Amino acid sequence: MPKSSSSPLLRRRLRQGRDRLATALITAGGIGVIAAVMAIGVFLVVEVLPLFWSGSPEAPQVDLDALWQPQTYPGLEAPVHRWQPALPDSDPGPRFGMAPLAWGTLEAAAWSLVIAVPLALGAAAHSALFMSRRLRAHLKPTLELMEALPGVVIGFLAGLVLAPWLERHLGLGLTLLLLLPPGLVVGGALWSRLPARIRRWLPLGWSALWLVPWLLLLWALARWLAPGVEGWWFGGDLRGWLAATLGLDYTNRNAIIVGMAMGFAVMPSIYALAEDALSGVPSSLSEGAQALGATRWQTLWRVVLPAAGPGVFSAVMIGAGRAVGETMIVLMASGNTALMTASPFDGLRSMAASIAIELPEAAPGGTHYRLLLLAALLLFIFTFLVNTLAEVVRTRLRRRYRRLGVSS
Amino acid sequence: MLPALRRSLLAWLLVLAGAWAIPVAADAPPVGTLDTVGSDTMAGLMLRWGELLGRRYPGLRVQLQASGSASAPPALTAGTTLVGPMSRPMTEPEREAFVDRFGYPPRAVVVAQDALVVVVHRHNPLASLSRRQVDAIFSETRRCGAAKGIRRWQALGLSQPKGRIVLHGRNAVSGTHGLFRREALCGGSFRPEVNEHPGSAAVVAAVADDPLAIGYAGLNHLTPSVRAVPLRDAAGRLHAPDPQAVRRGAYPLARDLRLYVNQPPGEPLPPAERAFLALVLSDEGQAVVDELGFASLSASTLARQRRELGLVDDGA
Amino acid sequence: MKVVAWHRSGRVRLPRGEGPWAWLAAGSVSLSLLLLALLLMLLATRGLGHFWPSDVDQVTLADGRVLAGRAVKEAPLPDDQGMERLYRTDNRDLDGDIWEWVPVPDIETLSQPRDLVVLERRRWGAFIGRLVAWLPAQGERREGAAAWDALQARLAALDRQRDAIARLREESLLPLARRLEAEGEHPRTVRALTEVQARIRALHEAMAGDVLILESVDGRRLRQPVEEVLGAMRPNAMGPGAKLVAWGDGVWRFLSEGPRAANAEGGVWPAIFGTILLVMLMSLVVTPFGVLAAVYLNEVAHQGRLTRLVRIGVRNLAGVPSIVYGVFGLGVFVYGLGGRLDQWFFEDSLPSPTFGTGGLLWASLTLALLTLPVVIVATEEGLARIPDRQREGALALGATRLEMLSRVVLPMATPAMLTGMILAVARAAGEVAPLMLVGVAKLAPQVPVDGDFPFLHLERKFMHLGYHIFDAAFHGNDVQAAMPLVYATALLLVLVILVLNLTAIFLRHHLRSRHGSLSRY
């Protein structure tokens, strides 16, 4: 019967047609979305190119030397780096030396890594090796929440709370820095002298928690010691001593503040990736080492870390990528001084912060606008490369673990 | 799809530009929205004036888009606003664009005065600064004629704060930065060490926390945590940055805050604008100026401007 | 390093000699947790503490001066002369300032008199001092406790009158004004309008007239029109219960009112609204497109080298700084698309831009782009978790690919999509830097949704909690005065983000357990 046989056939045709249409739409849509995301790089390149190619009147050609080499400006004796974009009608005209911005960006990232990497790797090692499973299950989400703290909140606290506090309590800051590491080691030594009965109440796997009061105790001790330390060693005025002896002048918005704030922000993401890498090492390796009599720390140092090294490296890379592009923290905590000094107590200015405050005021298509876009392009390329590198390393590592896991 | 989109976009346009500030019969009070576009320094003032206006004429409200002085001239020229607040005078090209479109220049109404103050930490004993010293402290070009740059507090003859002077200021794209550079640095350029803060309040906060700091900020941002340093003119007279000195015209780093108004010569203002300007130039409006920490205008200036705008009858 | 025997007397014992490094590692976890806890506690105490009506001190100094205020902070005086204390004394109309630094050694006496009143006023900020007398427009002058009672009653009445005015405005005045615009100057409309205006003015006049005589603690007198007083309390005479009520009221007003005094006072309602609207618009855009791309990558595309590369590329885009997305949004959306739109549709308002300037639409599109990788990655993870058996089963039963996707795969991947969306929302809610380029406003008292057609104004600028923090902390009139509100706003933002993240964590957990059971089939 033609009627009843054509209807399922028709329906099937229809279904197939619909399926083909949907597949085509999904393909087109998917490719479109991905292209839109990737368009960022293309857009930046297209917008930046006229800087080096055509010289339209409102955006004259810029040569690379002028951007990255010290220039001689009227009124100054020696050639210098200057980033001083000014209003268009201003008299000496704008000065566009990008070197201080690049320097500031890298300096901020470097200091934040100096703070974040030891903390994150220590935490990762501890939670991969020593921490009780239950605590670990809670710690990971907690640090994830820390990662989600908005930069503007951290920047506000760094710029308006931490910076003035540290300016007044430099001595305390230094004392803490000197006191905390030995204090922790002493705490550990004390713990191992404790009678076993008490020690059972303070298991090693939970040390991350019961060390918190110990830290508070150390902090109180540092507060008590700080005036003495500042008095004996630095004549009661650490800031004056820094300036007189080391020639380091303390500015209250400085690279250290930025490093502390951004280190705090970046630490959780480094931790998460490093912890993944460390705990992903096949347990056969570490169990073997421990069976041979190694302590857990020796196991970590000699066995786990070499195996997980690339993963840890990629974690640090990801952290560096985040630190380079973080905007609000640097904007609010750094003082935005486009300097090129190595002193950690001087201010700095990063590319991201410059973009955020200057781009809305820059005339579209002008030199200033395009240079800020160039900065964005550099940030894009840098983070993209760093992340790709990290991703490749991690993929390799995962494959290696799989092999190791299988061969054992 | 497109015509529909176009229609709804048009509807947005109507609403956006929708200043239904229609002149109504002379006996009806003004109603509608008064759109203003311009300076963010004056945003607080405009808001408070708008509040007062809404109280006086319940059907009238002021809508404010405070995105910087530079946004006022294009909006005035385009006719989307009849009142543009600006913290600097219009530049020549901006004025020309307006004249090209309308055939007459916009009218500038000075509504308040602002000043830049040099601030130090509240315990800093610094008595006064000359312009040359300010220049030597803040600039690397020293166009005002100082022989040597001043980097340390000792170089100012002070014994108390010891160490390098820590400099604070505004970011380069702000009008405050530009004015200070033009007036205090004789058009030279800032040292790169100047901390560039995104707002005047941040400058004051940073100076308040650091005994070695010096900075510049708007008059209305002064707090007791910092001290404004009197400026010394060439004759050696001191000028403290108080509103009286600004009003007298004695303080060197002062600037006028203006409303630019599109008023065809010989014609009266539309009722909404007229009501707004009358309020701003009234005693009640000037009290807002004082309250927000700017310098209000002298009675004679107010009377003159009211007369020029034809507001004499309802100025009180 | 001493290696202690693992086994002693048959019982497993914890190793003792892990050496100093292990303790430093443990310490770094503790330090991170401690810092996080400190940060949250700081935000919570300062943010919530601001609304607590704390006691007002009356201070007599050695030189005989008297002042009243709340202590804010202390700082050391130069040359080790002790500390100095910052008091918030308010009374800007009397003193020209709201702060006073007082050297602590100079303080002779410190007391909390119960009769000190704190008035919240529309102009000149708060007043701290004593209530001397109540002078109503009609009726007799009252003093002391009677004046206080009369003031309380009048303030309640004023609140009702303010509500009445607002209602009259919304319900009668604005529609009339709109009709005036639509139909031209019809005499009846004009008459009705004049009438409503007269009624409003009458209400205003009914509110005016009453005056308070106030006296600061050092004896200066002040006549205060009552209509400008928004609230009055005597914190030193309040019990904990009354303070708690006042605290709750303060928190509520912070959440529900608009900012006053250039963002240094008042509430953050427009910013809350702006943030939520922005994030909602963003997720409307990002979820379908993100899922589309993920489905394409995981289900449709040929799984070759190119797809792998694209996948890595998308993943890496999640690491590109948000400010770069902001630059893209400004260059492509605002200047490119927006400028084009203005040329086509809004030619008559040029050169003043309509869409050619930052606004809600462009901001939400920029954030959508920024969070697209998050959604794609999360959805893909969910899709990859679904066992191939499920797909093969559906296909074997004769389903087409579309049916397999829509009936089997996508429903199973819904929790993953939700997780992705919530993660995207959590990331977007905290982003400020790109918004500074594409349309956040310092102050937009008008929310982008209102009664004017077409109700949702995508081209308007909007307020945002994160930017509000930046703005109030750096751009306001006085950082010190704005600090409490900045803390409160920061706490609010952090809470919003924590809740969103916890939801995502919970969902992910839920998803894992569900698929854990699924693979057992």
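Letters A, B and C name the chains as they come in the text, with residue numbers starting at 1 for each one.
By our rule, a contact is a pair of C-beta atoms (placed from the backbone, for glycine too) under 8 Å apart; a residue touches a chain by one contact, two chains touch by 3 or more.
Since this is a predicted model, take the numbers as computed values, not measurements.
Interface comparison, A-C against A-B: more C-beta pairs in contact at A-C. Chain C has the C-alpha centroid lying closest to the overall centroid of all protein C-alpha atoms shown. Rounded to a whole number, the gap between the C-alpha centres of chain B and chain C is 28 angstrom. Chain geometry summary: the mean Cα position of chain A and that of chain C are 26 Å apart. Look at where the CA atoms of chain A average out and do the same for chain B: the two points lie 39 Å apart.
Among the residues of chain A, those in touch with two or more other chains are 159-160, 168, 331, 357. For chain B, the set of residues that touch two or more other chains comprises 197-198, 202, 205. For chain C, residues that reach two or more other chains under the stated contact definition are 470, 473-474, 479. Partner chain A is touched in their complex by these residues of chain C: 1, 3, 13-37, 39, 42-43, 75-76, 289-290, 292-293, 295-297, 299-301, 310, 312-317, 319-328, 330-332, 335, 358, 369, 372-373, 376, 400-403, 405, 426-427, 429-433, 436-437, 466-467, 469-470, 473-474, 479, 483, 486, 490, 493-494, 497-498, 501-502, 505. Residues 77-78, 86, 92-93, 97, 99-101, 123-124, 165, 168-169, 173-174, 176-178, 180-181, 185, 190, 193-194, 196-197, 200-201, 204, 261-262, 341, 344-346, 348-352, 354, 357, 441-443, 445-446, 452-454, 457-461, 470-471, 473-480, 482 of chain C touch chain B in their complex.
Residue ranges on chain A touching chain B, taken from their complex, read 73-76, 82-87, 89-92, 95, 100, 159-160, 163-164, 167-168, 239-240, 243, 249-253, 331, 335-339, 346-347, 349, 357-358, 361-362.
Here chain B touches chain C in the complex through residues 6, 8-18, 20, 22, 24-25, 27-29, 31-32, 37, 40, 43-44, 47, 55, 57-59, 63-67, 74-75, 77-78, 80-81, 122-123, 160, 197-199, 201-202, 204-205, 208, 211, 220-221, 223-225, 291-293, going by the rule given at the top. Here chain A touches chain C in the complex through residues 15-16, 18-19, 22-23, 26-27, 29-31, 33-34, 36-40, 43-44, 47, 118-123, 125-127, 129-131, 139, 141-146, 148-157, 159-161, 168, 180-181, 184-185, 187-188, 192, 196, 199, 203-204, 207-209, 211-212, 214-216, 264, 267-268, 271, 293-298, 301, 318, 321-322, 324-328, 331-332, 352, 355-357, 359-360, 364, 372-373, 376, 379-380, 383-384, 386-388, 391-392, going by the rule given at the top.
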